[in-house]
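Each chain carries a letter (A, B and C) given by its place in the written order, and its residues are counted from 1.
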Amino acid sequence: MSLYQGIFKRDMHIAFKQKAELVQPLMFLLMVVTLFPLGVSPSPDTLQRIGPGVIWIAAILSSLMAMERLFRDDFQDGSLEQYMLSGMPLPAVSAVKVVTHWLVSFVPLLLLSPLLAMFLNLTVDMYIALVLTLLLGTPLLSLIGAIAVGLTVGLQKGGVLLALLLIPVFIPLLIFATSAVDSAALQLPYHAQLAIIAAMLLLAAALAPFAIAYSLKVSQN
Amino acid sequence: MWKWLHPYAKTERAYQLCLTLQPWFWVGALACLSVGTVWGLAFAPQDYQQGDSFRIIYIHVPSAILSMGTYVAMAIAALVGMVWQWRTAYMSMIAMAPIGAVMTFIALFTGAAWGKPMWGAWWVWDARLTSELILLFLYMGVIALYGAFEDKQQAGKAAGVMALVGVVNIPIIHYSVEWWNTLHQGATISKFDNPSIAPEMLWPLLINLLGFAFFIGAVITVRLRNEIVLREMHRPWVQALAMNKALNQQPGDAATASLKEGS
Amino acid sequence: MQFESFADFLNMGGYAFYVWLSFGVTFLAMGIIAIQSFSKHRDLLKQVVVEKERKARIKKARQQQQDNT
């Protein structure tokens, strides 16, 4: 167990040392959200209608920018190879890395969400629904994203390719998450959407670590 | 069954199998497509609601069904490659991707051309069209990932993982899009919901479905042979094959020219 | 035959543009992918020959070099 704790601590340490990489995706998120009132309409009603979708799309885009970091440094400095040789089960190592990635890139996003909700004129009910969908949905982004990152980590030009691979896969999450917030806006129950997102999360949590481990092995050749 | 299938894991046997299957596929495709298309265009009765515009169904529905079918076949090939470490399985997966993407494109294009007279717009965010569009994105992702790797062995494995991720997602995408569609569009009449289709309308559809399947099979056999040649370039049997082909061609050809130059 | 005349058939009950556009693009796309696959096959086989010739030339040149020295 202590080995995994070691990986966890190390990754946390590195993440907080590279503060720019931590903050930049959040700034990107904030700026993208700012573009919508300017580009579409500043009217509170319109913003409230498009708000949930805007926040979720911006969150997905900004997460794609930060995703690459997940295995890149470990791949380049050879620690990934060390993990593979160490005899630790690779799926478990990948799971630890995904958890760390979620903590450092999505928890700040959750902290930023009240500001975004205010910008886009979301009601309190909508905000609560938004936070719940973010809580359940962003780990899913990390888990599925890590598979594609594992595959593209050895490529020099991984950035756009990563987005091409991941955006179609994230579409169901976007649909259910925004519809949950929309339901909250109409004072309707949104348990169904949350339950579906939770089901997808559980499925991904069960399968993704193995897929990540396999894709890392493919990349490491 | 595995004992019977196993020799085809060898590339040379797979190449030969493609060569034997190929003429049958082409003949089947040509026969079924011409019969089905002529029957569908000229002899099938008119739809009482949509008039003659419904005849697009004879290419739209087969291409839509087979675009999904090809993706599933691709994922199965990837799984076989992963579990049994068959290189030919990865190769056939990559051979399937472009033709699957073309089928998806056809389904999208004919859907749009059908939608224009029916809905009055080239593109409507209809559930099935949207699913097809996302399917096209998935195909493009697999092809792009394969192209990004220099080492084609590794590329096949990576694209295989993505194909499997995609196939797990296809049903989720399908139902989520359908559900999203009912939320946002309320009661639009889906042109595709045809609960009871008259048999004289159905026959050409089935024949064309078979024709498209033959065509896909034929293209896959050609492309699989391409993949094999590309990756086994340095094997003696591939070289013998290429030399044979080059010698049988008329003079003036680039290959023969280089042959003369070499000798 | 569902149509009265050939002109009627071409007209497709007023939907001529959409029907013929769909069928045209479909068979065009299928033709393109088929031709592309075949032409790639030819190119690959040529490439194999060229590659082999190049290897043989290199080998021959090396042999000569060794003989000269």
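As a working rule, a residue touches a chain if its C-beta (ideal position, glycine included) is under 8 Å from a C-beta of that chain, and two chains touch if they have at least 3 such contacts.
Note that this is a predicted model, so its numbers are computed, not measured.
J.: For the interfaces A-B and B-C, which has the higher count of C-beta pairs in contact?
T.: Looking at A-B and B-C side by side, B-C shows more C-beta contacts.
J.: Would you mind checking which chain's mean C-alpha position lies nearest the centre of all protein C-alpha atoms?
T.: B
J.: Approximately how many whole Å separate the CA-defined centres of chain A and chain C?
T.: 42
J.: Taking each chain's centre as its mean C-alpha position, how far apart are chain A and chain B in Å?
T.: That gives a centre separation of 33 Å.
J.: Indicate the whole-number Å distance between the mean C-alpha point of chain B and the mean C-alpha point of chain C.
T.: Spacing between the chain centres: roughly 16 Å.
J.: Identify all positions of chain A at which a residue touches two or more other chains, and write them in rising order.
T.: As it turns out, chain A has no residue touching two or more other chains.
J.: Send over the residues of chain C in touch with two or more other chains.
T.: Residues: none.
J.: What part of chain B is in contact with chain C in the complex they form?
T.: Residues of chain B touching chain C: 37, 41-46, 51-53, 55-56, 59-60, 63, 98-99, 102, 105-106, 109-110, 113-114, 116-117, 215, 218-219, 222-223, 225-226, 229-230, 233, 238-239, 241-243, 245-246, 254-255, 258-259, 261-262.
J.: In their complex, what parts of chain C are in touch with chain B?
T.: Touching chain B: residues 1-3, 9, 12-15, 18-19, 21-23, 25-26, 29-30, 33-34, 37-38, 40-41, 44-53, 56-57 of chain C.
J.: Where on chain A does chain B make contact in their complex?
T.: The contact residues of chain A facing chain B are 144, 147-148, 151-152, 155, 157-158, 161, 164-165, 167-169, 171-172, 175-176, 179, 200, 207, 211, 214-215, 218-219, 221.
J.: What does chain B use to touch chain A in their complex?
T.: The contact residues of chain B facing chain A are 82, 134, 137-138, 140-141, 144-145, 148-149, 151, 154, 157-158, 161-162, 164-166, 168-169, 172-173, 176-177, 179-180, 183.
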